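Heads up, the next two complexes both have subunit A, just with different partners, subunit B and then subunit C.
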Partner chain A sequence: MVVKNRGRLIFLAGVLVMLVVGWFGFPRMLYQKTNQPIQFSHRVHTGDKAGLTCEDCHSFQADGRFNGIPSISKCGGCHVGLLGNSPDEKVLVEKYVATNTEIPWLVYSRQPENAYFSHVQHVRLAKIQCERCHGPHGAGDTLRPYESDRLTSYSRDIWGHSLSRIHSEVWDGKKMDNCASCHEQRGVSNSCLLCHK
Partner chain B sequence: MKISRRDLFKFVGGSAVGAFLTPIPWKLIDDAAIWSQNWSWIPRPLHGEIRTKFTTCTLCPAGCGARVRCVGDQPVMLTGVTRHPVSRGTLCPAGLGGHHLPYHPGRALQPLQRVQKNGKIEFAPVSREAVEAALAAAISRLKPGTPNESIVILDQQPGRTISRVYRRFLESVPNGVYVTTSALGGDTLCVLQEMMEKPYGPVGYDLENTRMILSFGAPLLDGWGTPGRMMEIIKAQGSKDPDYRLKIIQVETRQSRTASFADEWVAINPGTEAAFALGLAHVLIHENLYDQDLIRRKAIDFRKKDGRAYLNLVEQFTPEYAAGISGIAPDRIIATARTLAQNAPAIVIGGGDPGGGPLGKEEETAIAGLNLLLGGIGRPGGIVARREVPDIMSTSHHPTVPEMEIRDVPDHSIRILILDAAESGNALPWALLERKLVPQGALVVSLSSYLTGLTKHAGYIIPAPTYLESIQDVPAPIDATTASFSLSSALLTAPAGVTEPFEWVKRLASVAGVPFVEEAQGSTYEAQLKNRVETIYRAKRGTVFSSGDGKTVPIAEISSADQLWKLLSEGGCWIDSKAETKPMPNFSLLGKTKDNFERLQVAGQGRLSREPGLVAAFGFILMPFGWRGATGNGQISPLMTKLFQESGLRKLSGQTAVNPETGRAFGLTDGGQAWIETEKGAMKVEVRFDAAVMPRVIEAAVGPSVEAFSTAETQGTQNILDLCHLDDDCAWRVTRARVTT
Partner chain C sequence: MDTKNKKQHRYGMVIDLDKCTGCGACMVACAVENNIPPATAKATDRTGITWVRVYKFDNGLPFPNNRSAYIPMPCQQCGEHTPCVSVCPQKAVEVDAASGIVAQIPVRCLGCRYCMTACPYHARYFNWWDPVWPAGMEKTLNPDVSPRMRGVVEKCNFCHERLQAARAKAAAEGRDEIDPSDYQPACVEACPTGAITFGDLADPNSEVAQLVQNGHAFRMLETLGTEPKVYYRSDQAWVRQIAQQEVQKPKAKEKVHG
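Take a look at the complex of A and B:
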């Protein structure tokens, strides 16, 4: 029986081996993990202890421009000296705040140069919550490693964590399809020039 | 178990099929597409804090405010500054692409020398010291008091602090002459000032209060003067009573954009502006529609006993006579003159086209004469006086070196020509400069940042920092009714090989051993500019606009000269208060040039009447045209050129337009190629049929050449201006030509 179906079994073995390589080995080969310069706890900052909101640090300017990741001067506003006993806070204060050096954060959601994205239009005008695109990032105690695509150098967050692009969470994936489907759901124009100016 | 070759193939086949059930091929296709868009050599703006800075555009003399969006310190976008008192929130297309210019492919990044190699002209690196030594030797050979052996600095944006420095330098060397170019938009004003018996000071057009503009070819609605000012005036018309709206009549052979949008387009025969203007003057006088009181009191040559008075000249140009020359029906000439008189205050503007060049002095005299007849000088809605920008050099030192327009410089008299880096935005044919140079042994040095245009004819190039790379001052635009002053800041670091003209002039003076001004020798250009700002502050006149908050405050509220400097270096603008009305001196309607009566008579016959013998041989009339800021390849973003090429919005170098009937009669095809031939040479061009083109006229664009961005322009990229005939008064507006396929 086995001998009779030997050819089919070998063929199926090839299929199976490739499925394992494709779904488990390929992502490991494709993405390179890099740790963030320091481990930042969003939970500590947004929780009861500090009580900050997203916009306290990721703020908007008066004219609507989004500041993105806060500069070191913003961190230095509170962390002039050590406030706790975390080794990462020690690095923050001694390596960055004291020397007024910007932290080289690796930005998970960085969009390519050809895509224009306005935070103020989405957050202020459309009233979209930060979590809609960034997930529970603001509740984490640590920062996960930044995974960059070895071929494109894009963050893995752009494609999404599931390589099948069948996402279990709405915030997983920030490719053009994700933007377009959200726009479609909300009845917003999907004109090319809206994002590719 | 033995694995056969067949087993291996089946396994590979299975793997290949399995691969399609994994993300590998799909993800790799997507990644490959993205990878191909992100080559390492593709320039990318820096990531960093988004900052907004303000500065002033120096690409032409308009002095528009520019809002600069920077990522980190890198400018990535330029836009207009809302409420800016000069530019009113507008920036022209050339200005919008100004931040590309430091990366222009034709950029000169080190001193260069023109050399001939294997029969080709090339530019080879040379030391700055070698250029200075060559110039110093040439200066030492100049014989004082020999007018046909002059050293000239050509400054296309006069009135700046560096302009003053040039004049002081030229005073220190033998036979120094400070030369400017025709200021399209201001030519009529310059001629008007020359017609005054005593100096009347600078004047400008009170466009905001005028009811009618009669324009002789000036591109009023296409980048003329300060573009934002004109746009705001047009925008404001919508809310006005129709009877009081601004009326624009465009007198021009070509159906330019201004002609298309004007209330009336008067399509005159090529080169007949003087005849039309004198015809209008005839009607104004004969129907008593002119300011008789003013003319009786102030005009010194309206009536004269020798038969060479203005009245005698105008008498000849009856509507019928002017119609015969200009091609405009007598009734229309009469109607235009009546409309002018009925819509007072009215302004008559000359100037010409940025590519087609200025009108002649005589045409401008006839046009300025209309303004005097209408009595609009010194009155609201007419041509009004403004004050000079306070300047310590103008009060402490009166320049002795002569200032003249390039067309007034005697032919074959320039031994050393230094071309300043600033451009006027208008065309300037090399043939004009060549006519002024001595036939043998002339030395031409360019300070341009770009290896394009006139610079490709220079013997040496000492490149200056380009826009956004050095601090510069920007005086009032020539057509403004109030003086203004602003600064253009250094937002980028200049490359190591470029030299600030002020520093270079100091070095040259030192090497040549000429006694250049002591205070300048120990100073920096920034210190010179600060002195000028301090002088403005001390004058305590006018207001200061702050670009950051859009507010305007009286200068009296500025606490110190340092604060004024800070405001101006952050893109602010000082605006003078309105000048008091000055009594107008006596004036000459014929102008003060020698043989003015006869010269105007000849000009009134039309430019083409000067070469009647060429009609048979050359059946076409070549009329070059261009758009301000883009008559050459320097000072224009190559990205913008590509955009225009693809969109066809503007004609580029090598593109022409002819009337379809004329074209077909001469065997031309729409979209085909043809040769334009004049006495100066021949050039292959692309022909487009356009029913708006006058029969027998071929309109040729003086625009940027797309090829010149990818090939060295030093290899002799041909320009339509090379084919144009230069009249005795250095105008190149009309040329007899032959067009063949």
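Take a look at the complex of A and C:
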């Protein structure tokens, strides 16, 4: 009897250990964290100090192409010299603006190359707010480390940060399912070619 | 973007075989646009890929009565009973409802090539090898088209990325519908004799719809009932006949098993 229970206990303990490893250990192993080249503060730019909107920097071209992260010339437009006293701004001005070098940003929401996404159709036609997919990114004071999947090299933001999917934020995850469920809710087509190239 | 109330388009083309000189500019333009690596000389189906093959055919008569013509053969974009769609075990092919374009999703393809067998037009191609670009030429890759790996089937999709670009432009200008002049596939643009006309067949006023109505237009293997959206036209009766030559209805007396 004791021997039988012992086996059961060992089994349950093994399950417990593997669950802990799977939920807490594995994500740490899977994702590689890299810090962004500069600690950029969105809050300073969008808040009272500068009062910019998202589209002031993340702009569209006349033909509808999205510029994504602005080039260094956009930063240099204001930061010719130091405007504040943050050490990161000093790096920006001296290392990047002065030498006209692009900042090697790590893009959180970069999709695999076979995915097509048109910002302009979602923002201008569907009138979807940036926060719907990007969350409170524009209000942050720092940039969190970029986490890339060691197996696929995709950003963790594609899969999403929540493992349990319970109470996960609406913007968490930019997988095909996330796109497809929103399209379904809004009655928009889910045909392959709409999002794949 | 509410696609429920959006107009349904049926993009298609009319290729004027009297104007086609068989120069192959469409094949080159297509390859450049769609990230198809340049084939080596004398490439075969096993060593090279093209999404639009230009076939040569003649009337079979001896000189001086011999006449020849060329026929470019992209995916015919079948609208009904699309053979590749019905056989694909992966749902990697579908007919796009908004545009009528037959969509091939290579990342979903498992490479069984059933669709190639099913396609009566031989307009589907298999990647026997990983694509290789000569050194330096990777810089010419089109970022709007993803390159394919070995082991998958690919085919013409009427340069769908250009339709997407036209949609993005329309959205930037606050329009729901694209300007038809913004969307032309690469082969149409490149053809030096203007043999290919492209447009929306669902719009009766479009140039393609007019050409289809004007007579002397035909489609390949029309009796199969696949309703292709690629039309051909020629003023010469022998060209129109030869294109229909293979079209023979299956014999009624065909032996049935059991």
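Quick note on the criterion: the second predicted complex is superposed on the first by the 189 of 197 C-alpha atoms of A that agree within 3 Å, B and C clash if a C-alpha of one lies under 4 Å from a C-alpha of the other, contacts with A are read in each partner's own complex, and residues count from 1 in each chain.
The working rule: a residue touches a chain if its C-beta (ideal position, glycine included) is under 8 Å from a C-beta of that chain, and two chains touch if they have at least 3 such contacts.
Values in this document were obtained by computation on a predicted structure and should not be read as measured data.
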Subunit B and subunit C placed together on subunit A: clash or fit? clash
Of the two partners subunit B and subunit C, more of subunit A gets touched by chain B
Practice prompt. Check whether A:193 is in contact with subunit B, with subunit C, with both or with neither, and answer first, second, both or neither.
Written response: second
Margin query: Taking the superposition on A as described, I'd like to know which of subunit B and subunit C A:120 touches: first, second, both or neither.
Written below: second
Using the touch definition from the top, say if A:19 reaches subunit B (first), subunit C (second), both or neither.
first
Next item on the list: Classify the contacts of A:65 with the two partner chains as first (subunit B alone), second (subunit C alone), both, or neither.
Entry: both
Re subunit C stretches 5-13, 59-67, 77-85 or 95-103: the one overlapping subunit B is 59-67
Going through subunit A, the residues touched by subunit B and also by subunit C turn out to be 65, 113-114
Per the touch rule, the subunit A residues reaching subunit B in their complex are 6-7, 10-19, 21-23, 26-27, 30, 65, 67, 71, 110, 112-114, 149, 151-154, 159, 163-164
Listed in rising order, subunit C residues that touch subunit A in their complex are 1-4, 94, 96-99, 101, 103, 105-108, 144-147, 157, 160-161, 164-165, 167-174, 176
Listed in rising order, subunit B residues that touch subunit A in their complex are 6-7, 10-19, 21-24, 27-28, 30-32, 34-35, 37-38, 44-45, 47, 49-50
Note: in the complex, subunit A contacts subunit C through residues 60-65, 113-114, 116, 118, 120-122, 124-126, 186-189, 191-194, 196-197
